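Each chain gets a letter, A, B, C, D and E, in the order it is written, and its residues are counted from 1.
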Amino acid sequence: GCGGNQSTSGGGSSPGAGGGAKIALLLPETKTTRYETFDKPYFEEALKGECSGCTLIYNNANQDAAKQQQQAESAMTQGAKVLVLDAVDGKSAVTIVNEAKAKGVKVLAYDRFVAGADYYVSFDNQKVGQLQGTTLVDILKKSGKTSGDLVMVNGSPTDANAADFKKGAHSVLDSSGFTIKAEYDTPDWSPDKAQSFMESQLSSVKPNLVGVYAANDGTAGGVITALKSGGVNPMVPVTGQDAELTGIQRIVAGDQAMTVYKAIKPEASDAAKNAVLLANGKAPASATTKDSVPATLLTPVVVTKTNIKDTVVKDGFETIPQICTPQYADACKAAGLQ
Amino acid sequence: MTTTSPPDVLSMTGISKRFGAVQVLSDIELHVRAGEVVALVGDNGAGKSTLIKAVAGVHTADTGHILINGKEVHITSPAQAQALGIATVYQDLALCDNLDVVSNLFLGSEVTRGTVLDEVTMEKRSWGLLRELSAKIPSVRIAVASMSGGQRQTVAIARALLGEPHLVILDEPTAALGVAQTAEVLNLIRRLRERGLAVILISHNMADVMAVADRVVVLRLGRNNGEYRVADTNVEQIIAAITGAVDNTRRPSAPTQEGSGQ
Amino acid sequence: MPGELPPAVLSADLQDERLIQEEGLKGWVKAQGVRLRAGDLGSMPVVIGLVLIWIIFSIKAPVFISPQNLVNLTIQLVPIGILSLGIVFVLLLGEIDLSVGSVSGLTAAVVAVTFVNKGWPMLVAALFAVLCGTVIGLVYGVVFNRFGVPSFVITLAGLLAFLGVQLLVLGNEGTVNLPFNSGLVQFANGTFLPSWGGYVVALVSAVVVLAAGLTNNRTRASAGLSTLPGSIIYGRAVLLALGLAIVAFVLNRDRGVPLMFVLFVLVVAVMDFVIRRTKWGRTIMAVGGNIEAARRSGINVRRVYLTVFVTCSTFAGLGGVLLASRLSAANQSTGAGDVNLNAIAAAVIGGTSLFGGRGSAYSALLGIFVIQSISNGLDLLNLNSAIRFIITGLVTLLAVIIDSTTRRRRARAGRA
Amino acid sequence: MPGELPPAVLSADLQDERLIQEEGLKGWVKAQGVRLRAGDLGSMPVVIGLVLIWIIFSIKAPVFISPQNLVNLTIQLVPIGILSLGIVFVLLLGEIDLSVGSVSGLTAAVVAVTFVNKGWPMLVAALFAVLCGTVIGLVYGVVFNRFGVPSFVITLAGLLAFLGVQLLVLGNEGTVNLPFNSGLVQFANGTFLPSWGGYVVALVSAVVVLAAGLTNNRTRASAGLSTLPGSIIYGRAVLLALGLAIVAFVLNRDRGVPLMFVLFVLVVAVMDFVIRRTKWGRTIMAVGGNIEAARRSGINVRRVYLTVFVTCSTFAGLGGVLLASRLSAANQSTGAGDVNLNAIAAAVIGGTSLFGGRGSAYSALLGIFVIQSISNGLDLLNLNSAIRFIITGLVTLLAVIIDSTTRRRRARAGRA
Amino acid sequence: MTTTSPPDVLSMTGISKRFGAVQVLSDIELHVRAGEVVALVGDNGAGKSTLIKAVAGVHTADTGHILINGKEVHITSPAQAQALGIATVYQDLALCDNLDVVSNLFLGSEVTRGTVLDEVTMEKRSWGLLRELSAKIPSVRIAVASMSGGQRQTVAIARALLGEPHLVILDEPTAALGVAQTAEVLNLIRRLRERGLAVILISHNMADVMAVADRVVVLRLGRNNGEYRVADTNVEQIIAAITGAVDNTRRPSAPTQEGSGQ
């Protein structure tokens, strides 16, 4: 008799015109900018638009799957009708889905796939890795290089998603004709660890180094500082991910080759829309499925110097004044960002 | 009992102290004048150390008044007691085991040149002080952790000679000392008296007490149990008071009627 | 002389005339008052801190004290609580174990891989995992005794090494899910006492306490020692029964009393008994208080270190199994993050000293209650992470301030 | 009597007939031999461990001892080394600071935001950031003194709270880049002594050591105390000059001696002097050794705690500025991860005791050399992370085992 | 010098010990027979405690032989010494400050019922032991940290009475004791002798030494400096040996030619 307690403690969560349902947004970590800077406010905004009476329950699990489980339990205790779950570990988050199911709570897997969820809204993580790899190879080929040494600076060894990026990137780079001379799983995604690693490697790989795969913009920052202070000139292409402001600035300045932009606004709005549907007991319509879960799959976009304006700036993800601080004014001008 | 024109260096009245369920001190009275050596004696656990710790600022009594040179004081820290001119040699020595002899001797009153410790001067003065107490310490640069019991005690006593105190409290200073060292400490106490200092000596050794003290104050089970002038008494009488064979206790029925002087 | 008591009628331990005699229940209550003012209160102040936290949270989020949330809380705190219990032993020796997180992560991986991938029977897999913890403790103990490396460094090395082993055990898959309906997962998430079970536990506990109290009084009396007034012995038992019955009643309004929680409390109580009332426990306290004195007493100090490291790591192993059961999965981050720090912090917050020789098994229970209450309470407040971190820090400090202030008062009152 | 020495010719400190007199250089060398066998060697054993690690790594990856890599190493170790230096002070008191990571993260954020976003002058921004650290230390000290909360709990609360503040300061952007050509970044990454600079440093150091030794001998002699043989004083200076010159020569074959490293070593040397030769340092040692004895000596114990917490947090603040300069960015993970643990571990590995009263500023330098050498060496070996973690753990243990074994021998030889 | 048919309980020859640059013991010899009280005296730092610690297993000597009941032994730990029937009261007491009196008394030899400590029996026996030494301890359930110096010493002495030793070593056992307690300890020593035990007593109090000892062994600066039968000597003679006024030293020129017995 768990469902019974639910409605009483939930307090007027009867689905109806006015809504009033509680929807929980459970995000995984704080060490990258996107979650609290973009996902949460976008989602909140979209939710307001979809259902003015709905309340948002929000929590962030700091990269701890067990903590996320507890936060899910708390959300359900507070009477959440839908969990919008960006899992710390998509695989083990099945537990949360099971617990939710037992209580009649719906789960919308957000950003990271969780088997058994009621809906899935995301970018594909492996795809991200592939995009990074492909772009890197393309840039190199374009500059006439077909062989040479690459260094891979992956994400955290204790982060399941990092493994996806890595897998995706390998699927491209392994067969690209370039040699992966050194590879590193950056503990905690720590930029300074990435920097130290790159510095150390530089002593041996510098002569033949043609490019660096960095899993996200943070590690890319560390790598680039190492390359610069190690006297790598001209700069070799370095990848990134998340379209962090600083990443974009480095792209403008020509230090970083690319980043992967995951348009968070549409992702968040889509999640909010479908969450409200789920809360009202309706089945969201979907064009695709992933592992038989109805899904909205968005495509990540590669951002290079040439398309900053058409991607992050256009979406309002970052503004030109934000990017073009005095320090980057000249580079911006050169890149046509005014 | 003793009323003279200059106020007592130390005058304690009505001192009580309770630890948990044990009443360690009940309404204790103690007076010491300048140029006087008062021996504080009593059985183990009679409360001697607890009493003098209240003067030294190690802990505060629950009730009672402490007057230094006739002025009431509330001593809440050892630093304050030292500022009042009270130097104390504790029964448990209170040395820093990780530091060497020189550092321990000068702890809290280091000699410096500018901001830098003047180790040479301190080492030289240490040797002087220790020789004065005829200490048998092979090196002053060894941590006191590895000193013998008597050597540690000598270091603790030498500490008390450093400042310019008015009142010196010695809690069983000769317990661990050899024959020669004990004699030196007794000499030292006499010299302190000659310099006009007030001295409180706690000791279980009646021979030592009779040799240097002017007056003997006996505690028994946390109460005053008599006071004797050494000139007018003998060891048997004092031991009788210590062991309770003689009962001079002022019972709580008459709380504080006997404030001598004013 | 007035005020002199005839010593013949007094028990052997009450004959000193400086003892302030208090009689019967009234005297006992008065004595407690003195202890309170002297700051000599055992775990009381942390409990006050905990109650304060509860009050604050239930004002800010009334759902905090809903039966459902309380049931969640009692389940959530168990795995780290078990780690913390192991930490208590190490801290009592004045040593530290930085690796309980990694070790639990490793054993979580071991139980998941052996049970799910290798298909071992559940209990065998669990036991094997716990045993891995035991073996790790053995290694720590041997290295400590043989080379005298500080436990900080040994367990730091262990923290790193066993994290590596955990990744190796998990292999490429990274995450291994335990079947949701397996016994382990059910035990950690869905097994509750029947509604009468809680009351039975309450009753049995009270009877045990009562019987122990009465027996103790009897033997003391026959040895000529003082006894506690009967009113206190009975009163204590009744209060305990009442308290536990209330807990059971509240939790029964939701799913019931979680079996895992009951067992955790039982283990804590047993460990408290072991520390206070067995030779081994006494020996631990002695070594933690003054290792040289312990050695000179003929205690085999090395064996004490060895057994304590083994105990701690075994509890870490058990905690790992529970972590996996709770999450119904083991992954690369199981046991990582702040698991380790929380386990140590719980013991310290609960009042166990980092310097050895002072503490109790209950500090693990109390401390983890504090930590988990804060975490759970903040989960209910929808804060963004920056604010959440700040509040967690401040509330943690608050919880301990009351305790520390009274302890300090005790130190001032002269009790070292 | 045979064997009796005439005491008049002996210095005041050599008159005890039980002292085994060794004369001149030969005697000094012999005395060192005795110290070695007795395990009384100061930092020597950790140095041996470090050399071992270097040998192993340079066999496995010859590039490890290439000038380029050594220059990297000397740069990489500085920021955490600075944090560790602060930790040494806290450990000497027998306390701990769990929050140097967070505090450094916060000050990194502060310097980045004020310098880049607010456009403050570089030095003002850096100074302000360091000052933030100082203020945090003040708060710690006041809470510690006022409430007597264990430093473990205070700094745990700080760890959480200042992480939150760090996130707040960084705001929505999350990461703030420092311009690569700004003075801070250049200082931390691209500023080297001119090639003659290293040799000048070597010479100056040797002259300072020589002058100090000679002056000391002179004052000791005039005070009637024993002196060191001149051969030792000169020999020591020459060896130092030679050693430093070799370091300079090797590093000059790459970019040169990093200015930041030179300053770090200088700060360590100054702090060592402060700890050993100033009143404040002596007081810290005393409080760390026996707080009650220190208090009874009239030392203002509270002030010592306050100043030490301030010192530690100020170094943490400085370390944070260097972290930001090194990375040429501040972000949410600056100071997180294992920064904190590494800073503490460095001090402990270098030989500073967790129990207070025993250690030296040089332990921060030595310890961080060990940790960073392991990390840097493994960076060169391209291991997968599981293996990497395991090896890091084992090598860390190895580095300390030699040290601990000799220390233990000393304990056996009777030196407590 | 003393040769009888049963071997000495303890026989030490050629004991040397060096700490760093200090030669603390040089070629020391000491023999104790059953039913004999040997006083070991000497100035502070003479090496008395170091010598008996070598017997008690606290540390090992650099050179020399130790024979217990005629059998050579290598004592490497206090546990081993206890197993050999050696009970020691250390000068620095070696109590666990965080434990109460009962726990300290029975540390290492707790009374248990099954696996559970029998606190009641231990408490009862504690009171018995302490009364026997006429200790003035108000409660045995207080941590020894808060005991007075004499109370702590009494606890340490009471510990030694628990086992069934053949050799009892007392390192300045009465240093902190009151008059009555000292008398009890001297009585105790006499009773131990009557029970046929061997006793080594270290003391600076010549009155106590003359009162209970059979033989006096003098150490000076780490060397043997004479041995006296109490019956044939007086305090002045002993003090002369302690202070070096009389030099009985066997100089290292003649290493070990005087092995009495075999």
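As a working rule, a residue touches a chain if its C-beta (ideal position, glycine included) is under 8 Å from a C-beta of that chain, and two chains touch if they have at least 3 such contacts.
Chain-to-protein mapping (UniProt): B, E = ATP-binding cassette domain-containing protein; C, D = Xylose transport system permease protein XylH.
If you're wondering where the values come from, they're calculated on a predicted model, not measured in any experiment.
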Target chain C, source chain B, minimum contact steps: 1
Most distant chain from chain E by Cα centroid: A
Mean-CA-position distance for chain B and chain A (Å): 73
For chain A paired with chain D, centre-to-centre distance based on mean C-alpha positions, whole Å: 39
Chain centre separation in whole Å, for chain E relative to chain C (CA means): 43
Chain A and chain E: spacing of chain centres that average the CA atoms, whole Å: 74
For chain D, residues that touch 2 or more chains besides their own: 16, 18-19, 167, 385-386, 389, 414-415
Shared-contact residues (touching 2 or more other chains) in chain B: 19-22, 136-139, 146, 221
Where chain A touches two or more other chains at once, by residue number: 30, 36, 157
Pairs of chains in contact (touch as defined earlier), listed by label: A-C, A-D, B-C, B-D, B-E, C-D, C-E, D-E
Interface residues, chain B side, partner chain D - complex: 56, 58, 77-79, 82-83, 88, 90, 94-99, 103, 107-110, 112, 115-117, 119-121, 123-124, 127, 136-141, 143, 145-146, 159
Chain A-touching residues of chain C, taken from the complex the two chains share: 61, 63, 66-69, 72, 76, 79, 163, 167, 174-175, 177, 180, 185, 189, 254-255, 323, 326-334, 336-339, 375-376, 379-380, 382-386, 388
Of all residues in chain B, those that touch chain C in their complex: 18-24, 59, 221-222, 247, 249, 251-253
Residue ranges of chain C touching chain B (in the complex, touch as defined): 1-3, 16-20, 22, 31, 34-35, 38, 40, 412-415
Partner chain B, residues of chain D touching it in the complex: 12-13, 16, 18-19, 216, 219-220, 223-225, 277-279, 282, 285-286, 288-290, 292-300, 357-358, 414-416
